[in-house]
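Some structures to go through are shown next.
Both of the next two complexes hold chain A, though its partner changes from chain B to chain C.
== the complex of A and B ==
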């Protein structure tokens, strides 16, 4: 039995993971969600803003991470539009340009919003450092036109938005090193711009030092962060739905690790005993 | 000349922009803005260089019939189609928002990229089963911390705990948060300090012309 476990064909593991994703998703199981303080901080900050204030959302991710970060983006956008905040979208990733554009339009259509008055999507410009630093001086020097090709001077909402001084919060939704490698060193350090982050699960732990120092207002951890934010805005979405599959798969991995270790140590003890005799 | 000119430019701009950061004057701000504008103009040339390198690499693969060379044809097809569609659409309509460019991206690249990444879950589960062993004290600490964070990261962790104990209903979530806030934060900060000191010393070496590997090996 133990030997069988040690040499278990990985296709059985794949099949278990597949079932652990498919079954809870189909059954639409819901679990209670505990909101962590870093996510609560982002919500509280946005909730404390006044109507008309500006939030910039950076879609710094590609299609590979959209399952985790799109639900976050949707939840934050819904919160901003519901509070009648003005939203500027942009990205430091070329592949994020189309994703951000599609998403902003989709969410904006849920609300009584007008492009150019309530939101603008700027798209992508190459040169991460120079883009961030120059936006601190003059956004129109970097993005003369928005993603649709309309000069940003023609958008009424940009009339009183020149640089970071006119932006209340930047929310960086990131799948890479853009938070600690770009936004914090250049935008926070250089211009004292308030920054919040929503990141994929694998990089969450790296960002905790910036939370403690106050360089980050708050932090949303992966799909769980999206589910937490959806709970805060009282509008469940794909983050909440994904928690069922995530919960079962996490449990499965925990069980697999424990079983793997039990099998390993049992086999090792038998081998040691065999050597003694 | 090919080495001296970049070294002199690097030294001049490095020193100037370092001093500029500490000089709060109108001239200093204008200088910064001007240099940043130059940077924005020069930046896109890196994309041209990247495309040229990509084309050369895959052209060579096809020419030499290297292993998996047909995939290089797919690279060229993707590159040409997206560049042509994007450029034509950019000239004929309002930017690249919507239209065929967005359709190709949303219906080809997005599902393929997301599928590739989703496969990771299967390999991570299999690797965790086979390789995550408590062989040493360090490995045991890592394993226990990982299991506790995973348990707290899934809402089912709190639910199971509530069935076991009526005390502190969100204990798994709180334990996860404690691990992230304390041992994780302190060790990560030490790493960041080390990286930062290394980055400062490396920057000084580049500005002063001691570190020259960025110039490449050619004379």
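== the complex of A and C ==
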């Protein structure tokens, strides 16, 4: 039995994980979601802003991280538009440019919003450091036109938005090192701009230190962060839907880790005993 | 079931990628190469449109056509010229010229990054670790325990990475404690990584069952 476990074809594990995702998705099982303090902090900060204040959302991710960060982006955008905040979208990732544009327009259409008055999507400019430092002085110097080619001077909402001084919060939705490698060092440290982050599960652990020091206002961890934010705005979406399958797969992984370790240590003890005799 | 050809293509490519879980095969290779090709192509085109045209081509053109003063032509030509030196790598005889743009990039990058990295990742983090002890009277019992644990964790983990002293005796004990803190950190990172990877699978399953097959809403 133990030997069989040790030589188990990994494809059985794949099949188990697949079933652990497919069955809850088909049955639409829902588990309760509890909001963590770092996500609550972002919600509270945005909730505390007055109508017309500006939030910048950076879509620093590509299609490979869309599963985790799109639900987060949708939830934050819905909150901003519901609060009648003005939203500026941009990205430091070339592959995030169209993705951010499409998403922002889709969510904006759910509300009574007008492009140029309630939201602007600036798109992408190459050169991370230069872009962030230049925006601290004059956004129009680096983004003279928005993503669709309209001069940003023609957008009424940009008339009183010159640099970070006019932006209440930057929300960086990131799949890479843009939070701790770009936004915090150049925008927070350089200009004391308030920053919140929503990141993929893979990188969230390395960002908690920045939360503890106050360099980040709040932090949304992967799909869980999206589900938490959806709960806060009372509008369930893909994040909430995915969390049940997520919990079941986590249980399965815990069981597999325990079984794998028991099998490994039992086999090792047997081998050691065999060597002694 | 979807009638959208785009959804069918996406579903086919998703299944091609998933087929790798059984074993490597031509369908997987096709989808993988397509993904890499499309990503690179998209990135290049976007960089041309969002970088080269507005920051190099347009200013040069405007200066030549008289829409902008002539001095702007030369001001723009300097960085563009330095950028072109990257292509000297393609000509072995002049490949040494690539040192100049690389030197400028490294110099600028280091100048911008080092002070901020020190501030962001060292000074602020030290401050964050020690700050609670400055206001210890106003902290709850739980917060005090948290602050002490944090300090012990930082000291022990840093000791583990201090290789100038042999890890024996007290130093060895502290560094072993550091390993425990590191393992807890790796465990947390592993759990979050599982969450991230499973999220990708959930989204694809949701796409296949919902958008493609129409089984779930």
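Keep this in mind: the second predicted complex is superposed on the first by the 277 of 277 C-alpha atoms of A that agree within 3 Å, B and C clash if a C-alpha of one lies under 4 Å from a C-alpha of the other, contacts with A are read in each partner's own complex, and residues count from 1 in each chain.
Definition applied: a residue touches a chain if its C-beta (ideal position, glycine included) is under 8 Å from a C-beta of that chain, and two chains touch if they have at least 3 such contacts.
Since we're looking at a predicted model, the values are computed, not measured.
K.L.:
Scan A:8 for contacts with chain B and chain C and give back first, second, both or neither.
P.N.:
A:8 contacts chain B only, not chain C.
K.L.:
With both complexes superposed on chain A, which partner does A:22 reach: first (chain B), second (chain C), both or neither?
P.N.:
Once the two structures are laid over each other on A, A:22 reaches chain C alone.
K.L.:
Have a look at where A:67 lands relative to chain B and chain C in the superposition and call it first, second, both or neither.
P.N.:
So A:67 meets both chain B and chain C here.
K.L.:
Look at A:186 in the shared chain and tell me whether it touches chain B only, chain C only, both, or neither; answer first, second, both or neither.
P.N.:
second
K.L.:
In the superposed arrangement, does A:215 touch chain B (first), chain C (second), both or neither?
P.N.:
Touch status of A:215: second partner only.
K.L.:
Does chain B (first) or chain C (second) touch A:177, or do both, or does neither?
P.N.:
Neither partner.
K.L.:
In the superposed arrangement, does A:125 touch chain B (first), chain C (second), both or neither?
P.N.:
both
K.L.:
If you stack the two complexes on chain A, which partner ends up touching A:238: first (chain B), second (chain C), both, or neither?
P.N.:
In the superposed model, A:238 contacts chain C only, not chain B.
K.L.:
With both complexes superposed on chain A, which partner does A:260 reach: first (chain B), second (chain C), both or neither?
P.N.:
Only chain B is touched by A:260; chain C is not.
K.L.:
Under the contact rule defined above, give the chain A residues that sit at the interface with chain B and also at the interface with chain C.
P.N.:
14, 17-18, 21, 62, 64, 66-67, 95, 97, 123, 125-127, 129, 133, 145, 180, 201, 204-206, 209, 212, 221-222, 224, 246, 249-250, 253
K.L.:
Using the touch definition up top, name the residues of chain C that touch chain A in the complex.
P.N.:
Interface residues on chain C, with respect to chain A: 21-22, 39, 42-43, 46-47, 50-51, 54, 108-109, 112-113, 116-117, 119-121, 124-125, 127-128, 150, 185, 188-189, 191-206, 209, 215-216.
K.L.:
Report the residues of chain A in contact with chain B in the complex, numbered from low to high.
P.N.:
8, 10, 13-14, 16-18, 21, 31-34, 36-37, 62-67, 95, 97-99, 101-102, 121, 123, 125-127, 129-131, 133-134, 137-138, 141-142, 145-150, 180, 201, 204-206, 208-209, 212, 221-222, 224, 227, 243, 246-254, 256-261, 264-265
K.L.:
Within their complex, state which residues of chain A touch chain C.
P.N.:
11, 14, 17-18, 21-22, 25-26, 28, 62, 64, 66-68, 94-95, 97, 123-127, 129, 133, 144-145, 180, 184-186, 188-190, 200-202, 204-206, 209-210, 212-215, 221-224, 238, 241-242, 245-246, 249-250, 253
K.L.:
Spell out the residues on chain B that touch chain A in their complex, using ranges where they run on.
P.N.:
29, 32-33, 36-37, 39-40, 42-44, 46-47, 90, 94-97, 101-102, 105-106, 109-114, 116-118, 121-122, 124-126, 128-130, 132-134, 143, 146-147, 150-151, 153-159, 170, 173, 177, 180-181, 184-185, 188-189, 192
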